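All remarks here apply to the structure that follows.
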């Protein structure tokens, strides 16, 4: 049953050291504010799950909070590499991070299986792919009807999932629209789910019947954080801050510059700061 | 139209391979530019699909990521990511999977995962994303990349996505029923796999390109077709379309 | 690539004797007009697939067109039994129909697998259920990660699927809204797909981005048949004719009355007759 | 409020078992009436889900089918049927699966498939629909039906959906981890499974009902709890709510 609480409390009550956690958002609706709050609270030994780790996982890896990453694309989308992740994988700085690497198809199916309460996902994939040789969690099953061998991966079942969404209604139902990505599955696959939203509205009675709405009883906590997806975007509210993605490539290139940036923009900042960051990016309603 | 860069020629040559009846799964970078030039010139009804779930998009500027808002704003419809990979890619509905590559071998196998050993990499690259299954579930795969000895190598460090493996019927032996890479467009030439060996063979060179230039920027011994054609240079419309698109894109990405 | 053609032509060009065919619609959007056209054209030896066969399959079974049925609920929803199907199963009239019976979960997963290009569907089901003992197409696989035994059924891959939808745009893209049921999967699982629609609009540019839209290149033919779902309903156009469902229970109770009803309402009728049947059921736009 | 029918008592007793925090997968008929009476009286925040994909519906009249338009019109959201069965039922999110039955045995096993042999049935019934997995994936199952010797039998002809099998830990032995049938509400009594044997045991009889009446309309030897209570009669609000709902429903279904 969704409670409306401040982000600081929502993160503190729902994340623990050692948790398997997904901060999801497929380019769109990335829950940056929730990650920054987790960084401020200084969690340790997290297992991070995400299809496209991007900036926020680069930041957590760089801050030494991460024990393991389960992912399918560890780049800065459209820009290049994730330099903090590289530094960890190549040089063990600030610590070594165990990696479990999949394809997008595998991760998407694994979240879907988690949402569906299954222990595994079955799909046609990984044929001839090198990952099948280096990831022991890629197995297979044989179709009892055709004899075809299909790929099998374990379902993703995070202890907690964090997502950002457009809005909640007063009961705590949550609406996601635009590129909906893997968010519904990430929430339904998790034991606990925390959602940051741009705003709260009375109800969704005017919404089209087939939109992606998560009922309030699938959500543990909701925090209202306008701009909370920056530098990602929120369809209908503000556009993607592509310049920040390009800038990150510079920031993350150097350990000292990275630490200084984190101190200034994360450690010393608050959830309320996100609203100002998207002010110039807002779209006409 | 006389003055154009090799990269422009590459994008435009790639765009020409696409038709209005194609359903194209678009990778970011050069593939995205080629697909949108095709859409804005000779293939207005092409269906462009990005793995973020956007089906039938028509962006005015090139997306920086595969999930920029404009892809959704201009799409016929936007579905969830699991649906994208299950119904649309795995379902066999993609006619062309359009990929780039960090490392490529002569059989169209692609590496975008690591340089060096997987467990102790010299360079950790972004990894495959959608590519492993784009390479096997799309009806055909087109590849586009600028030539270099570092990029086009005899042996790739990691099989991120499978092309023709060791050549011949290697795909079939692994139970893969799709055609795999059928076209490679570089900044210098157009390549197609040999029908038997599946080794990429130069079938057309771009204006002004010599066989030596192709070999000097390629890490394997290049095969040329009996009859190597010259790629027609970009038309005025093609070049203007591409340059306008790039200009709009640059302006948009640099922010305000 | 969708062609706009008359229903008579769409059925003639896309259905053949002996085909495996799904006329889908989960209570909502049942393609009655397409079925009546198929009855008029007198097809034989069809294998009918559907979650909830209801009136239209009762009619085809009663007309002797059906060799086999694959289904999960063979009732008149909310009313009772399907009397023509009963007469066939219990008395072999007018012919015996082979049945392959599943649960809804199995059928829904089997269509999903068909749409996803897989040979089988894997789910947690049929535990302790009698169907697992009488249906040889219910098998199992063992999860290689947990050892759990899960149910497996073959994917549904019809030769042709018929559905009814709200509207097409001029390019032949098709929009379905309200109770979307299994229609998207039934279309994507089939080799050919024929859609009847209430109307054609210019384009869907004003539609919400996350609606259920089938691109024109997934559809073989579109026929405009206003009222074509009657006595089922079309969300936004006309309501369910519940009285007709109650009446069917009487009509189908007797072989002669059934045949007379079919002669009058189907054999002698045309697709254009459906518009009048829903006139009193129309909802305010 | 003195005058009410056994069926009304059944529906109202069933409605009382539901709470505002329940997420209920609703079967058509008696379950649907009970769930909506609960929603209109003491459990306004109950989530009603019908297998047509409608989540959180609040229909003004009872649907004739599980997919009537009103279910969608009043739902929080409507999802596809595969999603309904995968994410919502199999995902373990349903607290109560509410089923009716044609035949029921004392362990809560249900038959709605055939009377007689499956391959040569005396009567072919509609079959299971969603019931086989509702019975095993819902956290608990409630059953409601009017008593009769034909309906409540020593041995059912077909296991459409599994209750407690032969009793005891039979569910666990089949790897089913949910509780199964925990409540049976008939027109005469309220039954709960014995904690050990899982045999349904009468824990409460409706006003005016005797042990003989219960036994005479039941095909198995009835067990009674040590302390059989009397079901409180319908309140004025409950009865009015149910009768208004039925009146609205009848008017709506008879058409124009």
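To keep things simple, chains are lettered A, B, C and D as they appear, and every chain counts its residues starting from 1.
One rule holds for everything that comes next: contacts are C-beta pairs under 8 Å (C-beta built on N, C-alpha and C of every residue); 3 or more make two chains touch, one makes a residue touch a chain.
Since this is a predicted model, take the numbers as computed values, not measurements.
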Where the contacts of chain B and chain C overlap, which chains show up? A
Chain-touch separation of chain A and chain C, in steps, is 1
How far is the middle of chain A from the middle of chain B, if each middle is the mean of its Cα atoms, in Å? 28
Averaged over CA atoms, how far is the centre of chain A from the centre of chain D? Could you give it in whole Å? 40
Need the CA-centroid distance for the pair chain B / chain D, whole Å please. 57
Counting only residues that touch at least 2 other chains, which ones in chain D make the list? 72, 78-79, 86, 90, 137
Send over the residues of chain C in touch with two or more other chains. 112, 116-118, 123-124, 148, 178, 180, 184-185, 209-212, 235
Pairwise, the chains that touch are A-B, A-C, A-D, B-C, C-D
For the complex, which residues does chain D have touching chain A? 21, 23, 47, 55-56, 72-73, 75-79, 86-87, 90-93, 137
Per the contact definition, I'd like the list of chain A residues that touch chain B in the complex. 26-28, 51-52, 71-75, 77-82, 85-86, 89-90, 101, 103-105, 108-109, 111-112, 123-131, 134, 148-149, 178-182, 184-185, 212, 233, 235, 239-246, 280
Using the touch definition up top, name the residues of chain D that touch chain C in the complex. 28-29, 51-54, 63-69, 71-72, 78-82, 84-86, 89-90, 113, 118-119, 121-133, 135-137, 158-162, 165, 170-171, 174-176, 252-256
Would you mind writing out the residues of chain C in touch with chain A in their complex? 116-120, 122-124, 137, 139-146, 148, 150, 152, 154, 177-178, 180, 208-212, 235
Residues of chain C that touch chain B when the two form their complex: 1, 112, 115-118, 173, 184-185, 188, 204, 207, 209-213, 215, 217-218
